[in-house]
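Comments concern the structure below.
The first chain written gets the first letter, and so on, giving A, B, C and D; residue counts start at 1 in each chain.
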């Protein structure tokens, strides 16, 4: 009952917005949508799985992702309100923002809920289209450039993914159609050759959207140009959605007895991303780009975790959860900083601590969380991954992993302390008056602390179930 | 145990409530609660030292699951050190922070509470994750304390440096733990003993752990962060960091030696060698410093070295089953842990008082402070005598025990080991005399003579709280120095928990007696001194008293403050010998002509580890990174090319496979 | 019949690989759209009428008429008659074009030996088209040329679908079409904006967003 | 008991006697008659009867230092092996306390020198400190070596060598040499330092006590003499046979001490003072000797019970 509502609401709601020209209405629609998503998640959590016209399915597998979408959405909306007020956005662009947001979330939800690989592809492509207006939102030449690269690279990637899907269909010819559940059920009968042949296409294609090397390049541009609340969504949720699709195909490979090959692809992509992250974080001059590179790095860690398997699998999904929450909080804070200091350059920000204490504190805590310091959950996931490496006796990997993670830490520390300490320039405006404005970030970080110190069993179970997404 | 837990909770309360109390009362409220908490914790540790180990277990959900806090002899001892150091630090800090009426200090005090709290947890935690959590909490809270003076760029760089060093250490410790965990299959430290069945494996794991803890403790060549972070921190923090925090590294080494039981010879010798290196080189670097707090920081490296000597000897003893080496070496090390906490705290607090009064840490700009701030001067000189390991103060006692260990242990050690022990004795003596040299410089140039700057001339003693904090430590120093027997007995019980051949108590008893004699001799010496001093005063009084006049300038009557011997000139004879080894850069402008306009001499101490280990490493990494510069060139076609190439490679790989 | 059409398709791209005139590009794309339509029309017997109608709409209306028309208009408006100095000289690209063809068919040969069910000719043509498309995207400088490269990719994919006789569910087909449509719309929109923002829209102009480690 | 009495008695006179012997020998070598043997003692008595002029710059450190130094040195000597290796006070590791008490004395002498704020005294202090940096380790190395062989930890026992055998011979020779060098150094004699030079720039110990006067000066000079005497004692302990009955021992000890003094006097009258910059190289000899002894001990240890 919940599925049709959730899937149709944004489309139906988007239409009237063009007729009644009121910002309040637009915002309330957005807010309603968020509440609806939360409601849906709770509903499925208790009422159990649900099907819709055979193409959509909400089950224990994708509950985690829906929950994350809901959480990030809730955090992003107030931040968006603040952003829209601050930037004095024109009526038209206000509407564009709201509608695009509705469609963006719609397409992500659809992608997560889609049962059919082709349909998933459609929704993933739709995310690109829906988020393009955001990246162009501030309408500089640079944002134009970023948008162009984003749309073009992602579309090319997605086209490659489509080829992969075709090959997959070929391998499934006469055995199964492109419904995940069927694929996994008939995995052993799938044509090994075409399956193997399709995987690299899917890795490159969906990897583009998941922001892992080698097709990560659009990510820093897009994230740095988009409005910060949207960057939060891009980094916190979009990457995960793409990863989710890829992961389900990984499971198909595994069921077809091709785990080793699949794992090698994931491992290579993972370490490549980690390396890129380490290198460019240490040299970043723009803190939103730095956060973007850190997203690449974290996606890399997730891929590594999946490739390792065993405890690494749980670690990867825990990492994914933690990264989604942490990164959205960080991007929202970054938006406030950009407003406070009027620059995205690291060098331009000094003495955050005195300019606006709460922002400073959130920034510092966020960095502690993303850098994987205990007691934040990213530490736990990295710990589990390292442990899995030792258990499998892959000491070379362990050494590389720890080295790269430490280098990332160094790069982040330099930037974070550079911005946090020192004496603030007089130009820095006073921070937002009400502490309520800081609620979303604070809430996210609190949630993270709870996850890191004493994870509720429910959460743990949801993550566990997500790892075995397709098991009947 | 309940006392200990109550203490921890009180400490936490101190951190929380101070935020709620209005600013004027905040510091006082914090100090009261914190001291109370530390007293409770200390009392708890005392009871365990008397009645044996206790432990308490908490059940947590994932990821922590079970958290065991245990107070055995070793932990209890460190808890005592931490709580006493913490009390003195809190009292002094209360005074020191009084100088910042315009700052809310909420965060600072909270971090301060967490800092002490986390140290207490580190030495009592018994599983991997809780230990790592506490460890990280310790690093982060101390980090927050370090950048107290946040506007200063130097402080910022020191902070980053400290942060990274702590996390390299963290990574190493983590790796060591993981290695053990794979063999023992559990996160409990007690289970790690199982891993030692595989000798070489356990040795590797221990070496990695040792490297991690050595960074925290500040062994050379892992010390680089220490002389940067400690001066950057406000003095009440530097005192705690240097006196107490770095000892958690020592604790780690001891804890895992204890778990593993008998270390390999190689490990023991490595520890000993690094310890000797740290002791001698540390003090040589200290001699070259002009910054008072940097100088003290390098002395921390030296004293860690002395502690390490004790540990190394004990490890060697464990290996070759040599009773005196184990008992006395370990006891000496532990005693020195306590002593260093006392006098290094005192010295850093003294330096803080000087900085507060004269607004500079540059030794060359100070001088003559003994007239302006007599109390501080007296306390600082006391600390200096103690840290130089001279009787009748505590520093001597621990070095005495170490010498006993070596003299008693050497004959029982076979062949070359005996020689190693004797050479160690020689190096310890060298360290001691170098420390003496260095602290005569520190006291002499900073407090004696005539002021070298107006700031030094306007200096004055700090307020009551700061002095009280220092006095507390001074009393402890005297107590350990003059009545060493009970303290030795206490650490001997701790040392006896190590696998010991024969009856530890029986071996400790004569030493206790000896120390009794020592204290009697010291009393004799003091009374003799009192008598002589009385005689001298009487004689002078009888002979027509004392006439005051200018210092004898060899006929020159107009000596000025700038004509005094400076710190650099005082140590120049030694620097002439060792300067080049230390990478001391000197720059001299010789006087020119008949009436030379100006002449100048400057000397910059460079840390060789920074210059030849860390800087090249960083350079290498930067170079390797620059090899990947082309990746984000901004050209979209190139971006797509990556994907295409990856795809092509992957397909080729698959084709090759099928 | 379909053999000839497919070969024609191939000849089209071969010709394309060695020209640099915009109009030629557009004509080739339109031609390919037409061929795709015919290929589908050939075996409409198997399709239910709705799918057939829909596919023909996609290929005929969309790929053959609308998109080429819009592209044509942009070319007209912005007077970019030809791709100025492509990275590889004319002659070179001829050689590469033929090389690509050989490679494409080598792959096809290898594949069809493993899986005889694939129809070698359209498959080979499709693969070569794909490679040519990448080749154009990677080497040509004008953004509009790259959009055309992307169109080529789409055509190649459609041909591939036909070659492998993969049928996607209708819903999916609809979605795909909708996506491609919106995407091209976006392309053209931003292309317009880029033209107004930069006096000359070559790839090299869009490199202000970059990083150094 | 008798031995203790004698020891304390010797403490009071032998140091001065040694100084007297040295100057007498130098005088004879210079063709002069020289002062009476106990002249240094009379000098001290004279100083004790004088008042003092103290620099305005100085603080309590300066006033305390001399008495403290003397007290420390005296206590140290109470721990040293005297007649027949008997010590007034003896316990395990007393040697450490003894040497560290001397260290304490040095500490206060150095800072009291810096207390005057005079460049000359600072210079003297710097040099003095450097010299002890070099010689101190050699002492502990040697003591450690003895402990390594004898297994003893108390001063007297440490210096009890076996009657015959290769090791005792080596130990005795190296030790005697070592202590003689140390005596010259710590006693500030030529070739390290010249007690009666007349240019402050060339002094070391003398310049440190430039500003002390009256009883303070007396104390400091006495302390210096006592230090020399200590090394004489150690030499005696090394070379004198173990089983010497108290009475002959009571004569043997001063004999050795005076012999050392005489030797020092001869050296002083034959050798010129080194350039300051060359002194360290000379002092490294002591370390070398200690290391030789250590090496030998490791080599001979098989033969030692």
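The working rule: a residue touches a chain if its C-beta (ideal position, glycine included) is under 8 Å from a C-beta of that chain, and two chains touch if they have at least 3 such contacts.
All figures in this text were calculated on a predicted structure; none of them were measured in a lab.
Between A-B and B-D, more C-beta contact pairs are found at B-D. Taking each chain's centre as the mean of its C-alpha atoms, subunit A lies 44 Å from subunit B. Averaged C-alpha coordinates give centres for subunit B and subunit D that are 35 Å from one another. We define each chain's centre as the mean of its Cα atoms; on that basis subunit B and subunit C are separated by 70 Å.
Between subunit C and subunit D, the centres computed from C-alpha atoms are 100 Å apart. For subunit A, the set of residues that touch two or more other chains comprises 148-149, 152, 156, 193, 220, 279-280, 282-283. Touching of two or more other chains is recorded for residues 625, 628, 632, 636, 640, 658 of subunit B.
The multi-chain contact residues of subunit C, meaning those touching 2 or more other chains, are 114, 137, 146, 206, 208-209, 211-213. You'll find the chains touch as A-B, A-C, B-C, B-D. Across the complex, subunit C is touched by residues 55, 116, 118-119, 121-123, 125-126, 128-129, 132, 136, 141-142, 144-149, 151-152, 155-156, 159, 162-163, 166, 169-170, 173, 177-178, 191, 193-194, 220-221, 224-225, 279-280, 282-285, 289 of subunit A.
Here subunit C touches subunit A in the complex through residues 114-115, 117-118, 130, 137, 143, 146, 150, 153-154, 157, 160-161, 164, 166, 168-169, 171-172, 175-176, 178-179, 182-183, 186-187, 190, 193-194, 197-198, 206, 208-209, 211-213, going by the rule given at the top. Within the complex formed with subunit C, the residues of subunit B that make contact are 625-626, 628-629, 632-637, 640-641, 644, 655, 658.
Residues of subunit C that touch subunit B in their complex: 110, 114, 134, 137-139, 146, 203-204, 206-213. Looking at the complex, you find that subunit A touches subunit B at residues 148-149, 152-153, 156-157, 160, 193, 196-197, 200-201, 203-204, 208, 213-215, 217-218, 220, 261, 265, 275-276, 278-280, 282-283, 351, 353-354, 368, 373-375, 377, 379-380, 383, 386-387, 390-391, 398, 402, 405-407, 409-410, 413-414, 417-418, 421-423, 452-457, 460.
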